[in-house]
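The letters A, B and C name the chains in turn, as written, and every chain counts its residues from 1.
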Amino acid sequence: MSFLEVRDLALAFGGVRALDGVGFSVERGQVFAIIGPNGAGKTTVLNVVTRVFAPASGQVLLEGVDLVRMPRHAIAGAGVARTFQNIELFEGATVLDNLLLGRHRFDHGGLLSQMVQGRRARACEDASRERVEALIDFLDLAPHRNQRVAGLPYGVRKIVELGRALATEPRLLLLDEPASGLNPEETRDLAFWIDDIRHDLGVTVVMIEHDMSLVSEVADRVLAMNLGRALAEGTPAEVQSHPDVVAAYLGG
Amino acid sequence: MRFAYDTSYRESRRLLRFASDRAAYALLAVLLAAAPFVLPVFYVGELTYLFIFALASLGLMVLTGYTGQVSLGHAAFLAIGAYAEALLLNAGWPLPASLAAAAALSGAAGLAIGMPAIRVSGLYLAMVTLAFAILLEHAVGHWSSLTGGFTGMAVPEPRLAGVSLGTPTGFYFLCLALLAAVLLALVNLMRGHLGRAFVGVRDSEAAAWGLGIRVPLVKVQAFVLSAAITGLAGALLAHQTKYLTPDGFGMMLSMQLVLAVVIGGLGSLRGAILGAILIGLLPSFISHLKPFLPDRIAKQFGLEIFVFGAVLVGFVLFEPLGLNGRWQKLRAFFETFPLYRRDTFRRGKAYMRSERYK
Amino acid sequence: MQVLQLAINGVSVGAIYALVALGLTLTYKATEVLNFAHGDVLMLAAFIGWGLIVGWHWPFWLALPATLALVGIAAYGLERGVMRRIAGQPQFAGVMLTIGLAFMIRGAVSMGFGPESRKFETPFSGHTTHLGPVVVADLNLAIIGAVLAVTAALFVFLTRTRLGVAIQAASQDQLAAYLSGIRVKRLNSLVWGLAGALAALAGMLLSPITLVDISLWFVLLKSLAALVLGGFGSAPGAIVGGLLIGLIESFAGVYAPGAIKDVVAYIVLIVVLVVWPRGLLGEAHGRRV
């Protein structure tokens, strides 16, 4: 059994069949890319995996456990973290607080202890802070640590969102178009980080991405989708030259 | 210029990190402690009212400023706290127990209205809370056997261990102590795990869910905490006014609270206090101004409400970050002098982010 | 007999709620602002109408269009000069700004006119008509007739004229409308002007029944209940909701105990929002991620 198995997902919005029997599987430690034209249903796959939507049918098995049966707030605890296509940061909070929010699922010492800054609450806070500082170092966010997110440039915001997802200590990281809107230099950094996330942190990555050179560089396997269905799956080179994929991109 | 050198995470979390801060707050403490002994009784009463209003404003700030849930009917929780306090004292409860129970009852009412209210958000919640407050005012007025109806009911004198706290000075210190205690607890809560969850729910529910935050639970927690604090303020208000009538808890009071948190600056406890001071003082300021205005205008109650409206419009248009935002800009100016750049607080590019239900 | 009488009274008050709710819906659809100053605009219009009719001795049929035009232009200016500045900010900013404006209008009217209530005559005042077994005040018939006519005219305007269709398009998708060459900002001001004129009409129709008084703004709160019951954001819903709230109030006045009539609208509002937030004709919610 694979690390992540997505089976036969189906979901319709009104008359639109956003997912129409899509399925794929990802091995532990892989970087798995999903490509496809706009409206193909890529984001909807991530939304189903993270329980934003309940699918009409299908399963999402993470090491054999069906995420579809979990409540929405339990997904982080199951070791799944994500970023959003249109950045969903906590705009009114600082970078540090955004990252600390990633630690929400971990122990925090209890309400009473927080209220009086008791020893337990302080110890938990220190532990969270330590992990977050490590991520700040890793992602070069130190200059922005105490700035409010609302005023930051787009590229930095994307990185903060990545950092927040990593702060939850995921086993599976879902990235929705992580390179969109980044300049070439920022995209290079991103490629290195994804590599480190996979090798050093041992996190499995599923990413939606349009930038084929990035996909070719970091992804082990690629799934091409169109109209809620899988068109082709394979190595980046195989998928890119697959006739159905070429046709879908040309509007066939 | 001033720099912060942190040697540990704990260091960076200390509340008053700089000698200048400590000196300023020590001075404030001395002034507040001396005030009732040097000021005329009238001003002691005014200050006490400000403390109570600030406490209620803190309550609303938790809900609206931190969690992003609008309540246009928070006077309802003041009313619940006030009537509970009067009724419990009449029933012979000791003061600490009645205060705690008034807060708890109001918190329970917050739970009752918060549980269904979390199903709706934004404008809907604003309407639900507004309607709830109107209903409650109506109910208090018509349930005469319990509340004395529109004729009202007297509030027993507050006594602690045989000592009367009904004197202006005694009551002043009771209110000051409770305000300080609640403020300290909130400072600790809001910069920690719970406060971050509040802000998370406020700024992006989608992301909050994804981090394992139980969004509805957090909203209800905010509702209960907010209602309990406001209820405590209501209990104190009962002693301040000494006589309760339903129209003392009308829509205008709810609006004043909303004004205080918006004008103070949403998402900041300091803002709640600053806003409460401004809004609490505005009516007496206006009445001092009246002798200088044409008779025709000065005689009308409309002047006060007009000024409230104008202040609110001014802040929404020109200083959306409120008094707290102003304060931070001034601070930043002095702390980074001479390096301060005007655009330090430049607002991020405004873009249309529709909250329309799709 | 009594049932019929109550129904007609309810429908005529409900027609006013419907008119106010319709104005709220138009501005909400166009600019995503729930206009808490709408009730005060209505109240201001009643005072202006009183000023023209009683103060300057204008005939009703001249004062009515003049008031509508004046208030409509003022509302147009309000959007252009003030509301536009907070476009794109969270909905809460719109709530606060319109509450502030409401206070300013209320305060200004109170300072200008004083606290006394006033009264003006209309061509319908004091007359009644026998409709079969029930007796109806002509004023009530005029209200129902006017609201029917305005709703029909509005419907034709929004669906049949170029300007109306453009307004609809811009309300559905501002960006798309803008990209297809519609001057969205100007349309938004126009919608506000239109809603202001509707509020003025409601004020001119309602105040002969009640009185010309500061507290007229309270109609806003009842209309919020209408809006919610009918389905927030739906124009037909606003009409249906308004009529229903009017009927419910009218019947509650006789069949419900005590003073329930005064607050039954708020009970409806809370119950609908909590158990059935969509309302009768509303749309589903949720923000896409």
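Here are a few things to note about the model shown:
One rule holds in what follows: a residue touches a chain if its C-beta (ideal position, glycine included) is under 8 Å from a C-beta of that chain, and two chains touch if they have at least 3 such contacts.
Being a predicted model, the structure only gives us computed values, none of them experimental.
When chain centres are taken as C-alpha averages, the shortest distance to the whole-protein C-alpha average belongs to B.
Using mean Cα coordinates as chain centres, the one most removed from subunit C is A. If you tally contacting C-beta pairs for each pair of chains, B-C comes out on top.
Subunit A and subunit C have centres, each the mean of its CA atoms, that are 47 Å apart.
Per-chain Cα centroids separate subunit B from subunit C by 33 Å.
Chain centres here are Cα means. That of subunit A falls 39 Å from that of subunit B.
Among all residues of subunit B, those that touch two or more other chains are 206. Touching of two or more other chains is recorded for residues 52, 84, 88 of subunit A. Residues of subunit C found to touch two or more other chains are 289.
If you check the complex, the residues on subunit C that touch subunit B are 32, 34, 82, 85-93, 95-97, 99-111, 114-115, 174-175, 221, 224-225, 228, 232-233, 258-259, 262-263, 266-267, 269-270, 273-274, 277, 283-289.
Residues of subunit A touching subunit B in their complex: 50-52, 72-77, 81-82, 84, 88-93, 97, 100-102, 104-105, 108-109, 111, 114-117, 121-122, 124-126, 129-130, 133, 150-152, 164, 168.
Within the complex formed with subunit C, the subunit B residues making contact are 68, 70, 116-117, 119-120, 122-124, 126-128, 130-132, 134-135, 138, 142, 206, 255, 258, 262, 296-297, 300-313, 316-317, 320, 350-358.
By the touch criterion stated above, subunit B contacts subunit A in their complex at residues 9-10, 13, 185, 188-189, 192-194, 196-197, 199-200, 202-204, 206-215, 267, 346-348.
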